[in-house]
Every structure is written in C-alpha cells, then in structure tokens.
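Here the chain labels run A, B, C and D in written order, and each chain numbers its own residues starting at 1.
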C-alpha cells in the first residue's frame, strides 16, 4: 500500500461519521480519490434504496479527498452540487472523484457515485464542487 | 400536533438512515419543513466539527420534505447544491427548508442549516435544489 | 445618488458585454445589488422568451456585485447554480442579489430574478453562488 | 453535414440572443453538442476577459443542445451549476456538452468550456445541469 493511501486512510479513520457509515478509502493519489461504502439496512430510506443523504455524504467526502490529494490534508469542501440519476441498490457504493482544475488554494473536482452488485456498476449520482485549503474559504476562522 | 406533521413523522420514521442520525421532524406544513438533529460525537469529522456529509444529508432531507409538503409523499430530491459557510458546532442542527416555486411535478426549494447552542443559532450552510414527484424525474423507473 | 452606487455603475459601464445587453445597476449598497435589463427582441430564444443565457448572465453579474459590495471591487464569481422557474416574458428583468455570508476573501450570495410587466413582478429564476476576491480563488493567476 | 446538425443549427438560428453573440453549433449528435463563439470586444468584462455571463450562456445553451440530442427539440434547461476555473482569453470559446444520464423526460448533462488561441485549448469553466422536456419541469405551463 502506498504511503499516500495510508495517510488518507488515517484521516478517514479520524472521522467518526465515516466510521459510523463503514466508509473505506480505496484509492488516494494525486488528483484521484475513491471511497467504498457497504450497503447495509441502516443506510436506506423508506423505499428500500440507499438514502440520498448517504450519496451526498459520499460525494462530499470523496470530493474533499480528491482536493486534498493536491492541496494537502488541511482542506474542506466549500460547496458542491449533486444530481441523483438512479435509485442506489446493491452491495456497495463506490464514489470516484477527480480533480478538474487546481490552483494554489482551491480545487474544482467531480465525483461519480456507483452502486455495485453482481451485475457490475451502475452510475447513481454525479457531483461537482470546490475544495478549499483551511483559512482560504468563506470562513477563514475554521 | 397537526395531522400533516404526524404524516411527515411517519415517513421520517420509515427511513433507517434518519433513525441512525437521530433526526426529528419538527415542522411540516404546506411550503415548509424543519428537521432537527442532536449533535453527538459520531456525527463529527476529524477536526471535531459536524461532518459536511451530515449537513448535506440534512439539506437533502429537509428539501425533500419541503417539496413533499406541496407535491405529496411520493417525491425524491432530483438535485441540490450546498454552500458551507461556517464549521458546525453546538448542541443540535436545525435545517429549515421552504418551497420557492412549485409546479405540478417539481418544486424548487431552499434550505438553511443552523447550529444551535446556548448562545443561539448560527447559519452554517445553505442549499437549493429540485424535488420531483416519483416517476417524473430523470429516472422514471424509480 | 449614493457614491457607492456611482462607483458600481462605473464598474458596470466598463463591461462591454453589459453595455451590449443594456444592463443598469439600480441598487448597490453593503450586502445588496440590483440589476435591470430591458427585454428586447435580441435577448430572446426560439420560443419568444428571454434566453436562459440572459438570466444566467444577470445572476452571475448581480451575484458579483453583491459580493463586491462587501469584498471590494476586485472580485469574480467563482461558481454559481441557477434554477429556472418560469419562462421570462415582459418589459424588463430585475435581478436582486443579497449576501448570505461573507468572510475575508469570499462571500456566498443569492439572487432572485424577476420578469416585470404591467401586472407586476414574477419570479423566473433563483441562483446561489460564491464570490471570491481576485487572487484568492481556484485560479490565483487571474 | 448531417441532418441532425442541420436541424440543430436551424434551432440555434431561431435564437436571436445566440445570433447576437455569434454562436455556431459545430457538433450535434446523440449525447453530444458543441458550440463555438468568436471572442470579440463586446463579449468582455472590465478586466479584458470574456464576461462570466458569456460562459454561463455557453454552458446553458450547450447543455440544452446536448439534452435535446436525446430528448428531442422541445427542451429547456431546468437548472445548472458552473465553476469558473480560469479567465477566458483568446480567439474563440468552445463549449462541449455530453449527456451523463437520460431518462424519458429529463437528462443530466455536463459541459466543459475552453478558450482557444494559437497555443491550443484551455479549460475555463465546467458545468453540470438538468435538461427537461417542455411540460415536464417545475413550470408545466411553459
């Protein structure tokens, strides 16, 4: 395992909310991040699909890791937008984020979220957002 | 308690992910929805603030309830965008969503998310999105 | 007329694209900006409504002025999102933008766009975005 | 020239605002659309770069054409989000949009906007949005 991936996993392990959701970081290198979340009952909504809030969490977090892969670990998601494409059903979610453009203090990233089952991967949501180095965003105090 | 609020609470109670997060529906009437989430350790990220994914979940869900208050219970969030304004710290989150415009099959809604402590409420994030009646969105199969 | 409004109007007058569209700045004070655009044939699309691109221009520009009212004149729009609510028809457009939250280098703003005719104002689009001081955004070179 | 491209060009030619901006449709086939706009002085802002409103117009229109390539000509952009990445300078803009996911009544599309000069193409903005068949969106009356 790369040093970079180990570093990323230690950051993820320090997020209690990610531990609650069972998230794993499966790729973390310059310009790329990938998270996986096992689909279990407590992540669902009332129709039996994965709750949209789980998908938006996955987008938020994968975008932050992608941005952090080029800006360093002290980053936050300043904003993002997500379009839901299909209900998410299956064994696990994969969120794959890439850096589209990076400056010194901010990076614009995209993230595709797939539901995985025995038949393969299906795109369920797609997101785009801005990652900011701490102290550079709309809230310099944080 | 109004019938409408009871109906909304029964929908929320049927969402396992909302039960996991301890979400309560505290307002649900035509054009308005309000959710509250107690801030507990397992909702945090590595800096001790509420995880951005919790805020995006709160936005997603409050937007859906606001849309559902005018479109009926069979709705999903088609898309939304969120800007994070300040780190969220305190005793609880309040997500207040309103309908900006509603048509027959879709509603555009906004949501403000506050962190609450003894000093009062502080705006932490703001979101805007589209709620769609089931069968009318980009994925008529869901 | 206030000094602040005069300053804002001189910035607007220096934008050739705004001159092409006939845009006027009718309010510019801390936290608020208002633009007006006369609806003329060359701003329309194929169905006879104002082109969505005119509405997105109005949102972009009003958001920038609102952000500039608190951050100073050296600002750009880093990103925004717009929802179209109704076709825009009438005599003129009004774009009203407000600052939702401002830090030292960035401001998050919202903008509502109305079409005006003899009957009054009708909300046609709503937008939300981030304004950044020059040199602080994703592209420090600009 | 393909029949499809001719059809698309006739739609574009019926948009007075696109004629004002000198927009050309250079690709239009299932899932793809490309617009080109010559950069001339009247499209600039006060710093000498292409006005952000021109980029947002290009995104809006390219997204609509991409959506229309799979949904048919009676479509509108329901919403989109754009991130500005670099100031746009050069001889022309190219907006390339693709369909990410299409249902019966809506399509989610992405658009990259490049500034072109003798050195080549530079990515200046990236957008993501929803295209809706007329009569299916938030405003069934339009």
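Basically, a contact is a pair of C-beta atoms (placed from the backbone, for glycine too) under 8 Å apart; a residue touches a chain by one contact, two chains touch by 3 or more.
Small disclaimer: the values here were computed from a predicted structure and weren't measured.
*Asks:* I want to compare two interfaces, A-B and B-D. Which one has more contacting C-beta pairs?
*Replies:* Between the two chain pairs, A-B has more contacting C-beta pairs.
*Asks:* What chain is the most remote from chain B, judged by the mean position of CA atoms in each chain?
*Replies:* If we average the C-alpha coordinates per chain, D ends up farthest from chain B.
*Asks:* Just how far, in Å, is the C-alpha centre of chain B from the one of chain A?
*Replies:* 20
*Asks:* So, what's the distance in Å between the C-alpha centres of chain D and chain B?
*Replies:* Inter-chain centre distance comes to 32 Å.
*Asks:* Using the touch definition from the top, which residues of chain A touch two or more other chains?
*Replies:* 78-79, 81, 83, 85-86, 101, 108, 130, 137-139, 141
*Asks:* State the interface residues of chain D toward chain A in the complex, per the touch definition above.
*Replies:* 81, 83, 85-86, 100-101, 108, 110, 123, 126, 128, 130
*Asks:* Along chain B, where are the residues that touch chain D in the complex?
*Replies:* Within the complex, chain B touches chain D at residues 78-79, 81, 101-108, 130, 136-141.
*Asks:* In the complex formed with chain D, which residues of chain C make contact?
*Replies:* It comes out as residues 11, 14-20, 41-46, 49, 51-54, 56-61, 64, 76-87, 137-139, 141-142.
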